[in-house]
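These notes open a run of structures that come right after.
Consider the two complexes below, in which chain A is the common component and chain B and chain C are the respective partners.
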Partner chain A sequence: MKKYWQIFSISWQNGFVYPVSVLFWRLRQFLLTFMSLTIWTVIFTGHQQAFGYTQKDMIAYVFLVGFLQSVILATVLTNLGSDIYTGQISNTLLKPINLFATLAAQDIADKLKNFGFIIVETVILFLIFKPSIVFPPLTTLLIFIFSALLGAVLLFSIMLLFGTLGFWTPDTWAPRFLFYMFIDFTAGKLYPLNIFPPLLQKILFLTPFPYLSYIQTQIFIGKYTLMETAQNIFILIAWIVTILFLFRFFWERGLKEYGALGR
Partner chain B sequence: MLKRLKIYWIVWQTTAKYALAELLVSRWSSLIFFVGKGARFAMTLLFLLLLKQSLAGIGGYTTDQVVVFFLTYQLTDNITQMFFRGVYTFSWEVRSGELDFYLSKPLNPLFRILTGKPDFIDASFFIPTTIFSIWLISTLHLHITSVSLITYFFLLMNTFLIAAAFHIFVICIGILTTEVDNVIMLYRDATALSRFPIDVYREPLRTILFFIVPVGLMNTLPAQFLLNLKPTTTVLLSFAIGGGFFLLSLWTWRLSLRKYTSAGG
Partner chain C sequence: MQPIISLQHLKKYFKVYKKKPGLFGSIQSLWHREYEEIKAVDDISFDIHQGEIVGFIGQNGAGKTTTLKMLSGLLYPTSGEVSVLGYNPWDRKPEFQKQFALVMGQKNQLWWDLPAMESFLLNKAIYEVPDEQFHKTINKLMDLLDVRDIVNIQVRKLSLGQRMKCELIAALLHNPKVLFLDEPTIGLDVVMQKVLRDFIKAYNKEFGATIILTSHYMGDVKELCKRAIIIDHGHKIFDGELQQIIDHYAHNKILSLTFSEEVTEKKLEKYGSLKEFDFLRATLLVPREKAAKVAAEILSDLPIADVNIEEPSIEAIIREVFESQGKK
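For the complex of A and B:
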């Protein structure tokens, strides 16, 4: 465990080597959430309700999902595919450490680094928009935290799966680009998914995207019954297991074909 | 002068051919990028159309008018990315020393950096989205006249002048810090604020986005003139700010070149 703690510590320090880069990244996330909150504030000017939400509910929703996605969607696994394709991963494979535990330690360090900034951003947004956040009962809050952690695990699994593309192609950015495009609209960041027509909602819920942050926010604001909460968490876990299974399949196939020279 | 322009045209053509060849080598990736851009366009439009079904207006604008603001942003963003995609890979050119080759050639290096890698994915996306946008606008309840249309296209020239200035600023930051990726995306996020009319934002952000970081002049103002709405500012002031912004970017470029230290390659 000590070596993974060292990896965590080094990753944490590495995250601040280029502080301007971090600052710009956080500024971008802040702008996105700010835009969403502003637009919804304007939409509700002159309207009591829209899509079954009051202004208070919608602002609370956008505020929460912005906070949640900033933590869940932060990842260091974006370079895994290119590390595999270029052979850089050989260094890690040869060492007496578990690659996935290493990646997990690095990811946790990155998320915690982002979490620190998110607190500051949240305070600023809170002072500007003054959302009415009603904390749920303790049980619901614990379920929310648990589901949020599962959301982070789901993204980690998805990024691992994308990483396996590196065994066969250098073009790993294009599928990730498509994934991020879909996440922008289907993980519920700009608007809750239940504003869509029922058929489109059904289609979206066949994908893992709503389980990254949308269902967690709905759990927090009390939109789900206990049965619906249990069902969604079960589906979330099922997605994690499925994607990890797919990852393991492609990873083992990829490793059989993998070769790296000169390292 | 004509001979000089011909040289620039030949250089641009050559780099465009290389860019097209690179795109065709990775056909599947290019297709995925195309689909991703289409998905982004479609989902935002879907959101606006859902708003239209539920609400009469947003921030003093009808939802039909808000759609026009979004389509204007889409048009200018598309064209800008088509021509200025070269800026996105500039950090590599600085770190590798490739910039030195640009500086040593008898060709304006700014031209080379800005336009060195035209994006044919955006070019191919431009045609169907423009046709679709024109069709969509024709179905909306809008008050567009021939005068407002001419003014709109006239103001779009200012839009591209400001966009060029922004990209030059990004290049300057790239030379001074080698940090381009997040800066260019920050520019994209700032312009994305103009998907909706800038005057829906609160002060002082509204003033900042119109007159200091003039994304409002890029997209909101042309759309206001097109729709015969009360414009935030005049055409003359808009061009004055756009021109001033562009001149400032050129001055910053010259300053950053003086500070540039080669990679030693």
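For the complex of A and C:
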């Protein structure tokens, strides 16, 4: 366990080597949520309701989903594919450490680094837009935290799966780019997914995207019954298991193809 | 005695994409790609025993690094068997990984933006090195390599030589029994090369470590290795003592002559193959077995001020080995 703590610690230190980059990255994230909240505020000017949402509910939704995505989508695994293709991953493969745990330690360090900033950003956004956030009962809050953690695990597994592309192609950036673009439209960042027609919603719920932050926000604002919550969490876990299974399959095949370029 | 490293008919073939040149070639590669099979390592077998330092010699692309990567479990072989310390390297068992290290002159394991000490502490935790052993080893290594002043400076601010020394420390903190060194002295100046060679020698002596070393500098191999393995295009073409290479491949000796009076080229050509000539100095290549006799003849026939009989340099012999392989 000590070795993973040390990996966490060194990753944390490494994350602050370029403080200006960190600050600008956070500023970008802050502005994205700020823009989204501003657009919705403008849309509701002169209207009581839009897309079945009141202004109060919509601002609360966008505020929550912005916070949640900042936590869930922050990851260092975006470089895994190129680390594999360039042979950089050999450094880890040569050592008596578990790759999965190593990547998890690095990812947690990155998330915690971001978390401090997210809290400050959230306070600023809260003071500007004054969303009316009603905290749910403790049980719901715990379920929400659990589902948010599962959302982070789901993104981690998806990133691991994308990383395995590096065994076969240097083109690891393009599919990931597409994935992030999809997230913007399908994970509920810009708007709640239930403003879509029912058929489109059904299709979206066949993908893992809504489980990355949308369902968690719905749990928080109490839109789901207990049954619906359980069902969604079950599907979320099923996605994690399926993607990890696929990752393992491709990882083991990939290692046999691995060229350990450079190193 | 059981060998520490054993390779049996080891092969590694790569499928490599061949891109046609130019813009049209790039566009065509979108729907049609041609692949070529490269035999990086082709049926290599050898055994290495504990405490040996073996020089692995070969031209660029001969298969040296690929072999080292298979020995350290990074690459799966296409076929053949490997055993290192009794383990299959590609099982990647932690018990195995704790007993070897791979150092590559052109790649690093140190965290680039942090001081080397942070990477040392990380390796201490990863290899589960006890505190006492860590402090003892690191103090010794820092003194031996004279890096005490630089281990707290960001790695990216260090010179190549300083970085290489820190790389070696990071790789040796867990006292590995087997060491794979791939071009450890590449890009270093002669002073630094000597420091590293002395260090590798001392490490081998103190820990009885088994070392495979690849290097473009024959000086490294000559100074450190009694035994050498030469590979060419994935095949092993020689395995034995360095002296044997000289006996086997060095057909000539070099006679360096200094004259007290000018002699003509014509007069010299009858004694052997004339390599260099500038009136008062000449270099002749003479068949090894006749060298002493020819030298005696020259001494009595020509106005000699000085004569030297030398072995050709190891570089020249190895070059000859590869050239003779190329002609086959």
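Definition applied: the second predicted complex is superposed on the first by the 261 of 263 C-alpha atoms of A that agree within 3 Å, B and C clash if a C-alpha of one lies under 4 Å from a C-alpha of the other, contacts with A are read in each partner's own complex, and residues count from 1 in each chain.
Quick note on the criterion: a residue touches a chain if its C-beta (ideal position, glycine included) is under 8 Å from a C-beta of that chain, and two chains touch if they have at least 3 such contacts.
Note that the structure is predicted; figures quoted are calculated from it, not measured.
Of the two partner chains placed around the shared chain by superposition, chain B is the only one that A:Ala50 touches, whereas chain C remains out of contact. Between chain B and chain C, it is B that contacts the larger number of residues in chain A. Of the two partner chains placed by superposition, A:Ile119 touches none, neither chain B nor chain C. Residue contacts after overlaying the shared chain place A:Leu149 against neither chain B nor chain C. Of the two partner chains, neither chain B nor chain C is touched by A:Leu226. Of the two partner chains placed by the overlay, only chain B lies in contact with A:Phe185; chain C stays clear of it.
Judged by the touch definition given at the top, the superposed model places A:Leu27 against chain B, while chain C stays out of reach. Across the superposed pair, chain B and chain C both touch chain A at residues 18. Residue ranges of chain C in contact with chain A, taken from their complex: 14, 69, 72-76, 92, 94-95, 97-98, 102, 104, 106-107, 109, 111, 113-114, 118-119, 121-128.
Across the complex, chain A meets chain B through its residues 18, 20-21, 24-25, 27-28, 31-32, 35, 38-39, 42-43, 45-47, 50-51, 171, 173-175, 177-178, 181-182, 184-186, 190-191, 195-196. Residues of chain A touching chain C in their complex: 2-3, 5-7, 10, 13-14, 17-18, 87, 90-91, 93-97, 255-256, 258-260, 262-263. Across the complex, chain B meets chain A through its residues 26, 28-30, 32-33, 35-37, 39-40, 43-44, 46-47, 50-51, 54-55, 57-59, 177, 179, 181-183, 185-186, 189-190, 192-193, 196, 200-202.
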